[in-house]
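Same chain, two partners: chain A is paired with chain B first, then with chain C.
Moving on to the complex of A and B:
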């Protein structure tokens, strides 16, 4: 519908040739200027060593040897398969659960409860959620403790391969429970733009069941908006390191873990192997996205057939309850993990099969809090600057595009998603080199810029679809009433998209908070944040420290998401239609 | 690309003067230069105890020498190596961002061979180096058989020590064959971190020492023939041991922290670590039950040292030397050995220290689960680095892809 309207004004050919100009072109230019150089440097830094070029380590001849070594690495086929499978399975499961839940429960009280749960669920760092899950399901974990020694009969944990299972099931589960809230958040931001209520009402009036009404009338336009976030999930799940280390298989490990290992090997000549692995990772993530597109095509065909069949699918009680149950299970696992983390952070010694620690102590919190004051300020500063900057740049670029009527700008900006497809450590080497030679590393500016490289894609992907989905007739009416283009932006688009903008800002903030390597390497250790401290401290393996730092780490994004959820409601107390949206 | 960067860099910053690096033999001059400098000390930050010790040292060097010491806490020393390599590649030969790095073994060898360390001997010329026990602790001069050449200052000692929970196990197996027998009777109750984790690789080297037909050969670089001959019994042993390991050897803990948790959760009965005081410290931190005790293998165990190095382009070289010298002082070393502080053994020759300094060490209570130095058994030197590389490769080939 939107596309049809955009082509509506009939403009004489001569004028068509002359594209409207706007001073807003400064925004897309700023984005390209700020981000293209770092992205190119990062990609080159990742790619060149893969072809045997890394002069500083004495590698000067281009060759394909690193790829030969990669192919020869023991178990590499299994590693690739694990990564691919984790990427696609995670995305499919998260998608089914979230869409099933939205379809079955949209507009109910249950739905509103889950909407409130999003902030805590999203704020838990991936590694912390994985850690909580591991402690829940491991043979020496909380569930087994609850059943031992009675009725299980185990005085000692059984030797069962649940965590680190060779097929990566535990890892996939850990990823799914964390991607569900992300996808749900993206769906919530997109829902107001697709005008779900009238569509659902019409479908229900035609006699369709609740789930079918949603799938047939709302899902198609909603899915179009969720595509980029879904690609981001695929790329993330294919290349995840921390969750894989905690829950994933070890003989062999998924590709990303092995790349990290090669990169971290004291034998510096393995860096070229790591770089070849990084390119393989890039290809793998791209391939996974292609497979997803094929799957999408297939599902669309089947869906069209189903729609045409005229079935009303009225008896969908089972599906509805299944969707509600899986969503609750996923949320419950993360929350239970969070609760055990809280308990661990104050636990004394806690032996198997005790269900409760033998003593409680605040020693851990004392030592953690003592070191986190400055890092907390730094994290706030860096995340605040990079997320706001990203949102301003993204809004400017989108507004420029809307005013000039093209779509090329955002299409070009898609190139900026490339860093999400390459392993961070490989990408950062080139970026670091660029900033070092500009003598910028260690400066706040450089850290914010490096964060921007990772924050901007997420902000853009959560913002651009709602932006494009906004009904252009609002703007047309305002313009025909004599309002300027600026007024349309400030008084129509900005308020109407306030939920999406707040979400994008909170998401960018959370992404920035979670960045470890960019902060450490580009900041040269001058800008310690809660995350750099938390990751360094948890490398010691003490559960109490890991738990306490994870909670501190979760605190800032939690504030961000909480604020983002409340802000539109606060701003538009007196406009019921804008407040609802769900 | 690096050349383009270097050219751009040279154009903009051509005016920077080349600074001479400080000479520790003229210590007064070093102290004068160090005053007011800020030293960024990149050190693994995984233990709050260690971080607190470094924070204490920062307070001391600030007060005594006017040097500001800032710890950059890293999760993996490889990240620091990356940073130094990137700076070298970008042509930054001065004003680097790493002033001092906590390092040993393969990372040191890599940096040394790539020319990424301060290129003249400085550590052996530090005033406090005269207390270092070169005779009794030869690993302070050779790091994984590679001579340190004064490019890194000894900071602490490490020795492989095994831990077991007396509540579950009375007589721990004190040799590799005994371990295998014990594992047959107690399947699933032992494991080791997955090589190339450094502790996992150390376990392989320990087993190699105990099982190799001719351990003397391990001091020389390995070739195909010696490697095959010396490791044959080792891999026969591992083939037999793996099905008896925790999770039948189908999964391995990824590092020492995970291994320690397995002992705490009663999943395994025996663990091992590189710090003899680790169990005592972990008991104090509620990480292990207070029934854990330590033992060393009858044949002795692998010992090495850890060090402080200055990168080639460090910004505060004089300050870094002052910090390294202070950390080597009897006062700082005694404090470090206190298990209530950290529990890391000293590199100094305690018996040769002046009376007052010796008293600091004599006063230490090493903790219930720590063996006194005289009971730590024979120290086996690290094999030549080539053995570890080959062991890791062969291990990956045999076991990495699963069974």
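Moving on to the complex of A and C:
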């Protein structure tokens, strides 16, 4: 307070107004329980068999035998190295490309184009993007056809292992092109909060080049905001299963794939091996994050030295073009991959090295439509239920926060990210073991709740920004007009946020559609979806069927976002401010 | 307005002292008589909006408060905002963008009569401020002056027992500002409402014609 007020006496006793209480507290409690319990229970459920306790198989003595078996598993070193490498390489590459692009192109027309591309790119499920990439880069893929017979000289597809390469390069590429839009979106959300524009202008006015201005003045606070999403990328990339099955090495496969194989093995004694693997996966992801932290420390030291040196780094043309080119390549690969899938799904006979099929036919689609009905219904049911449930919970938690005047604490945010920071397979495996012992596996509700663990964080992240941006005075006006807090929620906030709610629902729907592991493990094979079907086709399925199935998978989230964009426009077609997104 | 003026009594801010983190922000002890406008003036950060929030029932619990708010002699300090019948106007009209003009006014209008009677009340109210036939309009298509008048109508239709005004004219252009001042103060006078006006514009205080309280403080908020 200012000088005029400092002469006021300090009151010794204060009567604080009571913070309003609300029975809505059930919502944040439910959210915390639904997010944290499955992860903790799942890790415990893996820990018991990992240390030799598996009463179902008559194993009741604690021992380290499963870990001994894990260390002795053939090729386990390679599997671990592949997982660690995929996690760190994916994150490093995605981070370099996105930060390079934001640094070099922020505030330009190119930037706005990519800003608009981000939603469709994000909505493509990992599996569909991976299939698209596989169909592009395979020895008989579209790229090789474009280069054959001239200049490559191939009349037949070369006998190269491009997809499923033993070093996991194709798998890493498939992960990078999908993590780039995710990280870009997170950066876009954080940029206004770190006052990027004035900082950049200030640094450039001091004579720093565009890229240097960004790296020195915006990146440090921006990075602080991106840390949790980056950790989530590390955890995801080092334990991914669907992309690894489609593009990854097979002899040996990355750790997560091998855990899944052990888990599904008819020889039940491999269950304890899988459990030890799940714990090893958890340790591996934690180790990867620690390595990243060390890298972070190193880069910060170097950065501080550079900043103190006073160099302006004005000649950054090469960096700028490299950043633009890699970003375009990443987006181009996803889009070209989808186009290739579309072409394969309607291709008749298609000989190598022809760039275009000899004939086009709808035969593939006819058979896919005939057989995909069940998995399609399942996917829609699970995604619909989990996304709506997530939106209801998120709205309840936000309304609770608004009514009690509280704010989101960092603790709550970590809880939100917890399911994203722990590798899926590490806790889903144990959770499945628990559910099996309770005979709850394969229940629709169990599958939906397992999906909710992954759907909810995205839904809340997407809803909370528009929720908090809504002018609080609307609610004050409505209250002073004699309306209750409930009426304000139903008649003011809900309709005014209908667009944001529709978008959040669509995002939750898209996340659920793309989930492979929770559907497979918790569903116990009783709830096949388009995603599990598509991934199952990766091992030697018919190309055309695979392409069509992957396209259906890619189309569903797109459909969700399309409906979400249309619904508010239809509901409020006579209200200009609502159509404009107000 | 068609509805008969209501017998309203005074709005009293009895020994109100609001402080934040142990530091006194403001201290007011004042009764606003029916039909009177009390103007509270001060730069931003002086806590004048805090006083308004306290009277309306929205004060953030981080503030420590002593004193009471009395409406017609009744202590409303512990009552929730929706049970106080304090009409609130901000510098923005804040019409609900998802409702039509009539929808906004019906949202404010007290319940009780038939649907047709409610519609008639709304139409008559619109006609009285020169906005006849605007019922079905989208608020986004109205001019600034029209929006301000509808926001005022919405508040008056909720039959408030006092008016709380938070810089309600500061965003209007000069010609419109005089017109709105006259309309607001006339309507409040007709209804014999006590008015608490918070502003940093001396002309508002002059137009209001009532007592003025000056708050100190500089803006580090």
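Everything below uses one rule, namely that the second predicted complex is superposed on the first by the 362 of 582 C-alpha atoms of A that agree within 3 Å, B and C clash if a C-alpha of one lies under 4 Å from a C-alpha of the other, contacts with A are read in each partner's own complex, and residues count from 1 in each chain.
In this section, a residue touches a chain if its C-beta (ideal position, glycine included) is under 8 Å from a C-beta of that chain, and two chains touch if they have at least 3 such contacts.
None of the values given here were measured: they were computed from a predicted structure.
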Touch test for A:405: chain B only (first), chain C only (second), both, or neither? second
Tell me which partner A:55 touches in the superposition: chain B (first), chain C (second), both or neither. first
Touched partner set for A:308, first chain B, second chain C, both or neither: neither
State whether A:471 touches chain B only (first), chain C only (second), both chains, or neither. second
Can A:479 be said to touch chain B (first), chain C (second), both, or neither? second
For A:205 in the superposed arrangement: first (chain B), second (chain C), both or neither? neither
Greater residue coverage of chain A in the superposed arrangement, chain B or chain C: B
Which of the two partners, first being chain B and second being chain C, lies in contact with A:496: first, second, both, or neither? second
Hey, which residues of chain C end up touching chain A in the complex? 17, 19-20, 22-25, 45, 56-61, 63-66, 80-88, 90, 92, 94, 96-98, 100, 107-108, 110, 138-141, 154-155, 158, 160, 164, 216-220
Considering the complex alone, what residue numbers of chain B touch chain A? 1-2, 5-6, 8-9, 12-13, 40, 42, 44-48, 51-52, 70, 72-76, 78-79, 81-83, 85-92, 97-98, 105-107, 109-110, 114, 187-188, 194, 196, 246-252, 254-258, 260-261, 264-267, 285-290, 389, 396-397, 399-403
If you look only at chain A, which of its residues touch chain B in the complex? 44-45, 48, 54-58, 73-75, 78, 138-140, 156-157, 159, 161, 163-166, 245, 249-252, 261, 263-268, 271, 347-352, 359, 361, 363, 367-368, 371, 425, 429, 432-434, 436-439, 441-442, 516-517, 520-521, 524-526, 528, 532-533, 535-545
Residue set of chain A touching chain C in the complex reads 1-5, 8-11, 14-19, 405, 471, 473-474, 476-485, 491-492, 495-496, 498, 572, 574-578, 582
